[in-house]
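Two complexes come next, and they have one chain in common, chain A, joined by chain B in the first and chain C in the second.
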Partner chain A sequence: MLEIRNLKVIFETDRGAVRAVNGLDLSLEKGKILGLVGESGSGKSMTLLSILRLVPYPGKIVEGEILFEGEDLLKKSPSEMREIRGKDIAMIFQDPMTTLNPVFPVGEQIRESLRVHNIIKPEREGILGFLREKDRRKKEYEKVVELMEKVGISYPEKRYFSYPHQFSGGMQQRAIIAIALSCNPKLLLADEPTTALDVTIQAQILDLLRKINEVNGTSIIFVTHDLAVAAEFCDEIAVMYAGQIVEKGPVDKVIGEPKHPYTKGLLKSIPKITRKKEKLYAIPGNVPDLASLSPKGCPFYERCEEAVEECKEVELSLIEVSDGEFVRCIKYL
Partner chain B sequence: MHKVPLKDGVLDMENGTFIQIKNLKKYFIEEPDLLTRVVPKKKKRVVKAVDDINLEINKGETMGLVGESGCGKTTLGLTIVRLYEPTDGKIIFEGEDIAEARGEKLKEYRKRAQIIFQNPYSSLNPRKTVRDILTVPLIAVGVKNPHVREERIEYLLERVGLNHRHMDSYPHQFSGGQRQRIGIARALAMNPQFIVADEPVSALDVSIQAQIINLLEELKEELNLTYLFISHDLSVVYHVSDRVAVMYLGKIMELGKTEDIFFNPVHPYTKALLSAIPSVDKRKRRKRIILEGTVPSPVNPPKGCRFHTRCFMKKGKICEEVEPQLKEIENGHFVACHLYS
Partner chain C sequence: MTIKNGIVPAKYYEVSYKKSNAMTNLLNLLGKIKKRSTALLGMLIIIVYILMAIFAPFISPYSVKYSDLAARLKPPVWSGGTWAHPLGTDQVGRDLLTQIIYGSRISILVGFLTVLISAFIGTFLGAIAGYYRGTVDTVISRFADFLLSFPFLIFAVGVMAVLGPGFWNLILALTFKSWVEFFRLVRGEVLEEKNKEYVEAAQALGRSNGAIIVSEILPNIFQSIFVLATLRMGYMIIMEASLSYLGLGVPPDIPTWGSLINSGRNHIFDAYWISTLPGIALVILVLSINLFGEGLRDILDPRLKVEGSE
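Entry: the complex of A and B
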């Protein structure tokens, strides 16, 4: 359904080219949930934005293909892209407080996406259609209320006219999910949708997204820095580091038997609730600065405890270690 | 400094009480606007962020404080270090009530109780170098000799895992984890005995989070510190705390040893909160209790038990009418719930 091949996104800055996404390969089947996990600056959000061709200036997609249902999104014209955004591929952003427009009622903002994509068609074209505007609005209103109900906003008729600041964080995120669902997208891109929310609200939102996935068969790419959330919610996981995928595969494999030293380190550094308390393992060093990262060799080299001399030089691609499981590490060559 | 002996994992309660918080309240009262100045309203809007809290922290222990956003945990932390004026109640620190301390006495308290803030990006002045940032507290403690100060800054930086070469750098030149280390160094400069850590790792990446948690634990051992560790991340709190208090809408709902709270929770809210923690380990996952709705507004908290609007184990009318008191159900395990009274 979605296939990304050798995607490269570069930011031209004063300090040189920053390779935010560096040769990324990814594929997603219909109805599946893919988790994209990584720390800040690992390029996970950029990957999502590239799919919608929304990479902000001065970033540029310089290489690669993004095939969505067989068609390359990178070859589409801007107007064709506008058709796809929101309709076939919808996105949920991290911070619900800044995503909604504070000066319009929430319901109107959901209605806008119905209108833009012409979901409720006017009964007649031309001037007569214009005269029937009132009917069309009413139908749209009904559809919005239905959507709001579906995502769990109580009293949707009343809430339609509320402004974003009158909603709590969890409710705002529900409203955004309603916007994303308004056109029944085939693919939903969720960029840290629960990071700004409390655990109990996070559980509600994840529950809602899972229902959407099961009922509508919507595929989801779920970006998060929280491995535990990804482990519970996704079918497949791809771990990103410095713009590359270092490990990907089915959840049980990646979380259960991690292969890459970075994945292992991440898993060890999460505090766990077990009877025995141990000192936490901490990956040494800092998240790398992409601008000063050497283009050659493994980007994790400096922080890796299992590194050998060759890691500095070798150019690696993803290596298939077992069915559907890929690792980018010299140890599995 | 003598260390309080450990008695089966719990610190000695009688000799060890270090900070005692008695009926602490912090209300935020609505400022009158022009209209209400002319026509006074009958009832002012009052946010009861911290409402009648009793808590004892023993010497050398880490008290974890958890709760959802808006439950008042940060307000409680800030009030304890007197960055907020308490509305009512007592904060007894080593036998002295400092809730209304002023002048010299407050200064003296500040030397012994410090705070680490949540956001390392906004808690450091961007126009000051690390040297400036660390010099101010040292002057406040009374280190007058600049050479001694210099040495002390070098020591502090090294202690938190930074290099003395960093002394003349500005905050923006550091990563989030490094900035949090500077924040910790600043708190340590006063040589405190008690530190309120207000979500010290929430803004950091997973791999950096572990480094900071380990640093805080090492410092505690080495300098014999006492922590009040505030976080919404339950796994982190579990990892660092000896005892845990669960807050909801300005009240403590459950309080006890970390193991009791996490493996034997009794309050429905604690149960729901714990069930919502995602886990990497499949076998560890609990059956999820999904709480309906969100935290009600603290302006008009629900009558009776504050949790009754979302509670899935509501007993009946009593929950809506009578406010449950914090009661000890077993050794050191307190709960405020009608199911256990």
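Entry: the complex of A and C
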């Protein structure tokens, strides 16, 4: 249902063009959960924002196609795009504290999301519809209470009038999920939705997202830098590095038998309680400066433990190593 | 109350929906003001002034046109005058109390109107400049900087000299520059709010830019605008008095505090009250507005909220 081809997002800065997303290919089937993992600054969030065409200034999408149900989102007009946002593709953000508007009651904000896409239609058009505003609000209120209950907010009728600061982090995230669900989207973009929460709440939120995926058949793109969460939660995993996907495939393949040196490094650097007093593994070096990255060669070359001389020069694309599993590495050429 | 399938009957909704309307918010605010004595005092004095301005014809002892040449330069009661003219009379025998009461009308009206209009213009332009940035922002901001480079009084004197005296001209002259303050405040606040995630979330929800400005960002910065408005009001009242003092305000037949202070200038040594008393009336009003505004800022601005005060 979603297919991204050769997506390129560039930030024009004083130091030159920063290639935040550099030729990204991705596809997602209906009802699947795709995990997008990578270090900070690897372009995960930008990929999500590109799908909604909300890349912040001075960034812009310079190349590529984003096919959503067969239609290219990059060719839509701004008003068509507004129709899609929230209704067909909804997004959940990382920090629930700041995602809700602090000056409105939570329930009203969920109700507002119903209103934006006219989910509950007025009974009549024009002035008569305006007169029936109260009935419409009543229906919307009932729908909001239902939504709040669905995402696990207890006493929804009471919580409807609470302000965001009266909610705990987990409750805020539930409210945000309720907003995202209000229009019954086909695709849910989740930008590190559990990073700001503690572990028990994290598990509850993941359960909730899983339930939504199963019950509504909503596809989810789940951005995270927590490989354990991704392994637990996703059907497929795509590992990003320097704006590119370096490895993607079914979760058991990518986590079970990683191919790309970067994925191997990531998996090695997870601390384990079973290990005894061992120095924590870290991938040497830092994420490369995206502004001065040479267009040729593998971007991971300088940090790679298995690098060979040819890595500097080689032109790489994703190589299919087994059914549905792709790797961008010279070793598999 | 029975809950069926977790859905609360609509009746409950109506009841609780009323709970958070404008009236209760106002009562809440009044409750907080009551705890701050200076803000409360300021508010009460402002209310007295407003009532005085509205009911001027009923409470002033004489008509505004009345003058008794036989009773010129009578001192106020505490300086040996009579209760016929409690605050004394001026050099043409007009009752000073009457003049001061009528003078409050212009001061309050000018203060209120200029602030209202400039807040409206400033907020509108500030929101656009702060939200859209780019060329619009540059053009409006440079124009605002240009206006800011003039001292206010000199600028207002210049505009009034071109336009000539008159109530609306006065409003125009004062508004022409004072919107800049609101513009700068709102632009800055919008710039800050714009980068918050709730704006991004609203975009991701498919809301239009106009809707985001009006119903997401502005409610968040309304309190700052409100506080600036109260503080600017005192300043506008002083500006009006200054212009009237210079003879550049409203036509001379309408009494204002500024023109009263001016008319007593020649008698400042033998009849101090003509200049002093309107001046005191002015000081008390401006002081009250500032006290009220400052109290409001403390109450409304979450950044200044004292730990544990809520």
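Convention: the second predicted complex is superposed on the first by the 329 of 333 C-alpha atoms of A that agree within 3 Å, B and C clash if a C-alpha of one lies under 4 Å from a C-alpha of the other, contacts with A are read in each partner's own complex, and residues count from 1 in each chain.
Simple rule for what comes next: a contact is a pair of C-beta atoms (placed from the backbone, for glycine too) under 8 Å apart; a residue touches a chain by one contact, two chains touch by 3 or more.
For clarity, every value in this text was computed on a predicted model and none was experimentally measured.
> Using the superposition on chain A, tell me whether chain B and chain C clash or fit.
On the superposed model, which is not a single observed complex, chain B and chain C fit side by side.
> Which partner chains sit in contact with A:Asn184 here, chain B, chain C, both or neither? Use first/second/both/neither.
In the superposition, A:Asn184 touches no partner, neither chain B nor chain C.
> Can A:Ile270 be said to touch chain B (first), chain C (second), both, or neither?
first
> With both complexes superposed on chain A, which partner does A:Ile255 reach: first (chain B), second (chain C), both or neither?
Only chain B is touched by A:Ile255; chain C is not.
> Identify the partner contact of A:Ser294: answer first if only chain B is touched, second if only chain C is, both if each is, neither if none is.
In the superposition, A:Ser294 contacts neither chain B nor chain C.
> Which angle, in steps of 10°, is spanned at chain A by chain B and chain C when each chain is reduced to its C-alpha centre?
80
> Using the superposition on chain A described above, determine whether A:Lys279 touches chain B (first), chain C (second), both, or neither.
It touches chain B, and chain C stays clear.
> Answer with first, second, both or neither: which of chain B and chain C does A:His225 touch in the superposed model?
First partner only, chain B.
> With both complexes overlaid on chain A, does A:Ile201 touch chain B (first), chain C (second), both or neither?
first
> So if I take every C-alpha atom in chain B and every one in chain C after superposing, what is the smallest distance between them in Å?
It is 5 Å, taken between the nearest C-alpha atoms.
> Using the touch definition from the top, list the residues of chain C that touch chain A in their complex.
By the definition above, chain C touches chain A via 3, 6-8, 10, 12-14, 16-17, 19-20, 133, 196-198, 200-208, 211, 215-216, 219-220.
> Touching chain B in the complex: which residues of chain A?
Spelled out, the residues of chain A in touch with chain B are 39-40, 168-171, 198-204, 207, 225-229, 231-233, 255, 265-267, 269-275, 277, 279-283, 286-287.
> Taking the complex as given, what residues does chain A use to touch chain C?
Where chain A meets chain C, its residues are 52, 54, 57, 82-87, 90-91, 93-95, 98-105, 112-113, 116-117, 137-138, 141-142, 145-146, 149, 156-157, 160-161, 176, 179, 189.
> Under the touch definition given earlier, write down the residues of chain B that touch chain A in their complex.
68-69, 175-178, 205-211, 213-214, 217, 232, 234-236, 238-239, 259, 262-263, 272-273, 275-282, 284-285, 288, 290-291, 294-295
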